[in-house]
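Same chain, two partners: chain A is paired with chain B first, then with chain C.
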Partner chain A sequence: MSENRTTDEGRRQFLGGTLALGGIAVAPGVFLVNVAGAKPADQPVTDKVRWGLLVDTTRCADGCDACVRACQEENGWGGPDSNEVKSSDEQKAQWIRKVHLRNKQTGSTHSLPLMCQHCEHPPCADVCPTGASFRRADGIVLVDKHTCIGCRYCMMACPYKARSFIHEELHGQKVNAPRGKGTVESCTFCVHRVDNDREPACVEACAAEGRRALIFGDMKDPDSEISQRLKRLGVRQLRADLGLNPGVHYEGV
Partner chain B sequence: MARFSALTGRTAALAAVLALLSAPVLAGAPKPEIPRGKGDQCVEPTEVMRRHHMNFILHQRDETMHRGIRTKKHSLAECINCHVPKAEDPARQVHADSPKHFCSSCHTYTAVTIDCFGCHSDVPQETGVAKEDLVVPVHGSAPALDLEQEAARMVQAGGKAE
Partner chain C sequence: MTKYDTFREVEGSKGFWTVFALFAAMVAVGLGAAWYMEHQGHWVTGMNNQIVWGTPHVFAVFLIVAASGALNVASIASVFGRVPYKPLARLSGLLAIALLVGGLAVLVLDLGRPDRLIVAMTYYNFKSIFAWNIFLYTGFMAIVGFYLWTMLDFRMRGYNKAAGMFAFIWRLVLTTGTGSIFGFLVARELYDSALMAPMFITMSFSFGLAIFLLVLLGLYHGTGRPVGDKILVRMKNLLGIFVAAVLYFVVVFHLTNLYAAEHWGAERFALLDGDIYTRLFWWVVVGLGSIVPLVLLFHPALGRRRSSIVVASILVIIGGLAQMYVVIIGGQAYPLNIFPGMEVSSSFYDGVVADYAPSLPEVLLGLGGVGIALAAVMLGVRVLRFLPDSLEDAQVDPHHSRTETGEAEAQPAG
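Our next item is the complex of A and B:
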């Protein structure tokens, strides 16, 4: 086992080195291998990348909600300044939540963040009557609020309870996260950041806390950290039996 | 005689219509006071923007939402950044519900109701988008919008807003 691992790591380093060479520019602006994520603003996203997130629950601390707070700050939902004053806690926006799991038999506990799982076959998009729920070529599942009629079928279809509906008029929205009354919303993987070669706010916040329980990256790039980590034992998707192939994976549950 | 009265009637009706049409002008309906934007020139000639700004924004909306194209040239956020002055005191910031807001100034005058600002920010904010020449798009040009085609499409759609 340990011998195998050494071999594997050697191969990875070799492959990594080769790919890094491939990324070298042959002329200014011309790359042998297009570096994933470095997309010019006027180019559309492609299916050459698939964004994914790995949650390492062994590093996720009970009681830490840095990811949730970062998401609220970045996308302007929840928090003390929220305009949702009439909605009950169950009705209020919830893009990402901390979930605590406890095995009744063994008593073992896990703490993990739960958000839109960015499925390859998203049931929300299947049931959407207007096409507002859709999956972008790079695997990010979004709500086009321009066409959302607020019917909330998607909320019922989502097995992860990842979506919420805005019941009240909002003010002071963030420029990068337009959201308003009568539409459904959920985690966007901070699509505005991803399109600019940055990581989602939750991932950044988790790293800033020194935990690095969240790893974000391109799952189609065999050299990316997330691709390497996904090969490990104990990495799984939630409700993999549903066959939705979520982009979010969990380690240690 | 009958013919005469019909003519008179028609003339009277025409006069009434004309009077109705010119009434606001005579009454001096206040023209909107359009706040000046930053810089010398908008991203398109003024007359093009006046007639077609909604088409540019609509086109850019779908490109950004579905294809992740984030050029700044026809982006609503950049309209706001140039045309809505940022007040130092947040309490004095002009919002879309005020006729002094760039968008509302004209839309109030022309009785056009828009719902952009039910979701979008109506005040300037840093987008954090990589710096890019606002007027000339990088990498050649973004897919150009055929204005005549776009106008024809709107006529076909019965001028309905989408």
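Our next item is the complex of A and C:
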């Protein structure tokens, strides 16, 4: 009996020590996630965060397209130096666009940026036959350019017209945003920046313009600015009736 | 009595090979068009980021839908036990596989990355109806292949009924899958409907039988084999019923939409001011492709003429292609309603009807698929015993007596 107790105590001490050591080893990672939200490069993406974007349309100016230009610059699409030289305007990619709205009944007008809404239940990923369209655990919806066969079914399924098909051979691409003829692409929430603890280019550009119409952050962190404002404001998701729970919210429309 | 021992390969006459060469040329041109589009990229097509599925999809979906319908003649024989259809069952199975191969070829060659077909075969997302369809299509070919085996090899005849039943159920599931490609797209007002599945099934009955009738008459006329009126009358009556059934689904689809105020805009586009899509719908789908064939098939005098059956079948096919154009391209042309109650504009063509004009390579690729199907049928009937020597009334109808029809129903000469 007493021998058994000694063994048990030894085991407990050993387990306790191991757990403590493990805790010390894991703590910096957990701490980092809690504070900054971004994951260390050597750890997999988790669902402990859900990245989201709040668009405050009351701060979004009609003539301003700083977010669009920043995205073009960051990801290497469109603009005056577009590398889609053969494609028609209808064929050229647009990852983010400014949309102008006018209420048919009241006549009120709004201007807002529209891009991939990074849905919790993305129809693009549902319909993709190869699984090339997918949603990361942290809510970012992406296209795996290696398994996209260019069937364009995701473009048929997306309720927001957020995706573009590459109609020609491309040169001069950005290292962080590979694009390929015959595949589909869309806003990545600047995943390469987010994974390095930076905000998407559009958000940064909007802030640089002094507007701060775009707020990016972790919607699962109750203390983040986006969570606080989502709680406080009367925001809406586009086509909320479809039940897709997009990660992008709009205020003021 | 049906005579199984009278099945014979067709002769490889000069005329036969000339027609075959024509279809082979269509295949070659279609492959050339696909190569051109693949090398250049889709900027050489009429497609864009608004209309992402263009003319190749019109042809591909039409052929795939018609493929399952072409099998109906065999199903009527084995599943529903209609003896007069038995001699036609082999051609029905062959045509079904050939049309499916033609349609799939167009679909695959229009991919942005057709070179990655192996990826589509090795990576599956089972939530995707497209992924299911890959199995439904390949399964269809395997099952109908086996079904044909039970018809061609007398030792396998014991499995014929079971194979026929299985193939029939499979083809219903297959067309449900094809219709659901559109039916499952909740965001597009002119797709999102469970009716798409049954509507596509009736379309398959109609298009498949029209193609079957033309192929049958073409082969028999071309090779100088006789066809009696009895079997043709049965099939043309059936075709008329199928055409009417498609119209029924079209009417219910639009009525349901018209009842909901949220869809008035989309319906106005489809039925009133959708320009090419509206005109195609009323003139070609409803008028030329449905009403005129119904008159030709059921008119007391016209309906008895063989030429009426031929013209009606051609019109059903033209109407069917137009219907695919209206459904597939018209459904994309109408803008997405992202902001209900708002007028919308943007640099990405939000809120406006999308532009699309078919380009030559797209049309040639589509026709290439038709060429594949028809060339395959010709090769099939040349090398294997798919066609009975004769489809005279006495051959196909167990209750036929010569006095019933008399000599007046002379068979067409080769």
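Note that in this section the second predicted complex is superposed on the first by the 216 of 253 C-alpha atoms of A that agree within 3 Å, B and C clash if a C-alpha of one lies under 4 Å from a C-alpha of the other, contacts with A are read in each partner's own complex, and residues count from 1 in each chain.
Note that in this section a contact is a pair of C-beta atoms (placed from the backbone, for glycine too) under 8 Å apart; a residue touches a chain by one contact, two chains touch by 3 or more.
This structure is a prediction, so every number in the text was calculated from the model and none was measured.
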{"item": "Simultaneous placement of chain C and chain B on chain A, clash or fit", "value": "fit"}
{"item": "Touched partner set for A:Ser164, first chain B, second chain C, both or neither", "value": "second"}
{"item": "Which superposed partner A:Gln43 touches (first chain B, second chain C, both, neither)", "value": "first"}
{"item": "Contacts of A:Asn196 with chain B and chain C, given as first, second, both or neither", "value": "first"}
{"item": "Which of chain B and chain C A:Lys181 touches, first, second, both or neither", "value": "both"}
{"item": "Partner chain in contact with A:Gly252 - chain B first, chain C second, else both or neither", "value": "neither"}
{"item": "Between chain B and chain C, more extensive residue contact with chain A", "value": "C"}
{"item": "Smallest distance from any CA atom of chain C to any CA atom of chain B, in Å, after fitting", "value": "8"}
{"item": "Chain A positions touched by chain B in one structure and by chain C in the second", "value": "169, 181, 183"}
{"item": "Chain A to chain C touching residues, read off their complex", "value": "86-88, 90-94, 97-105, 114, 123, 125-132, 147-153, 155-161, 163-169, 181-184, 238-239, 242, 253"}
{"item": "Residues of chain C that touch chain A when the two form their complex", "value": "38, 40-43, 47-50, 52-53, 111-114, 116-117, 119-120, 123-125, 127-131, 134, 181, 184-188, 332, 336, 338-339, 341-350, 354-355"}
{"item": "Residue ranges of chain B in contact with chain A within the complex", "value": "61, 63, 65-72, 77, 80, 118-121, 125-130, 132, 137-142"}
{"item": "Of all residues in chain A, those that touch chain B in their complex", "value": "39-45, 134, 136-138, 142, 144-146, 169-170, 172-176, 178-181, 183, 191-193, 195-197"}
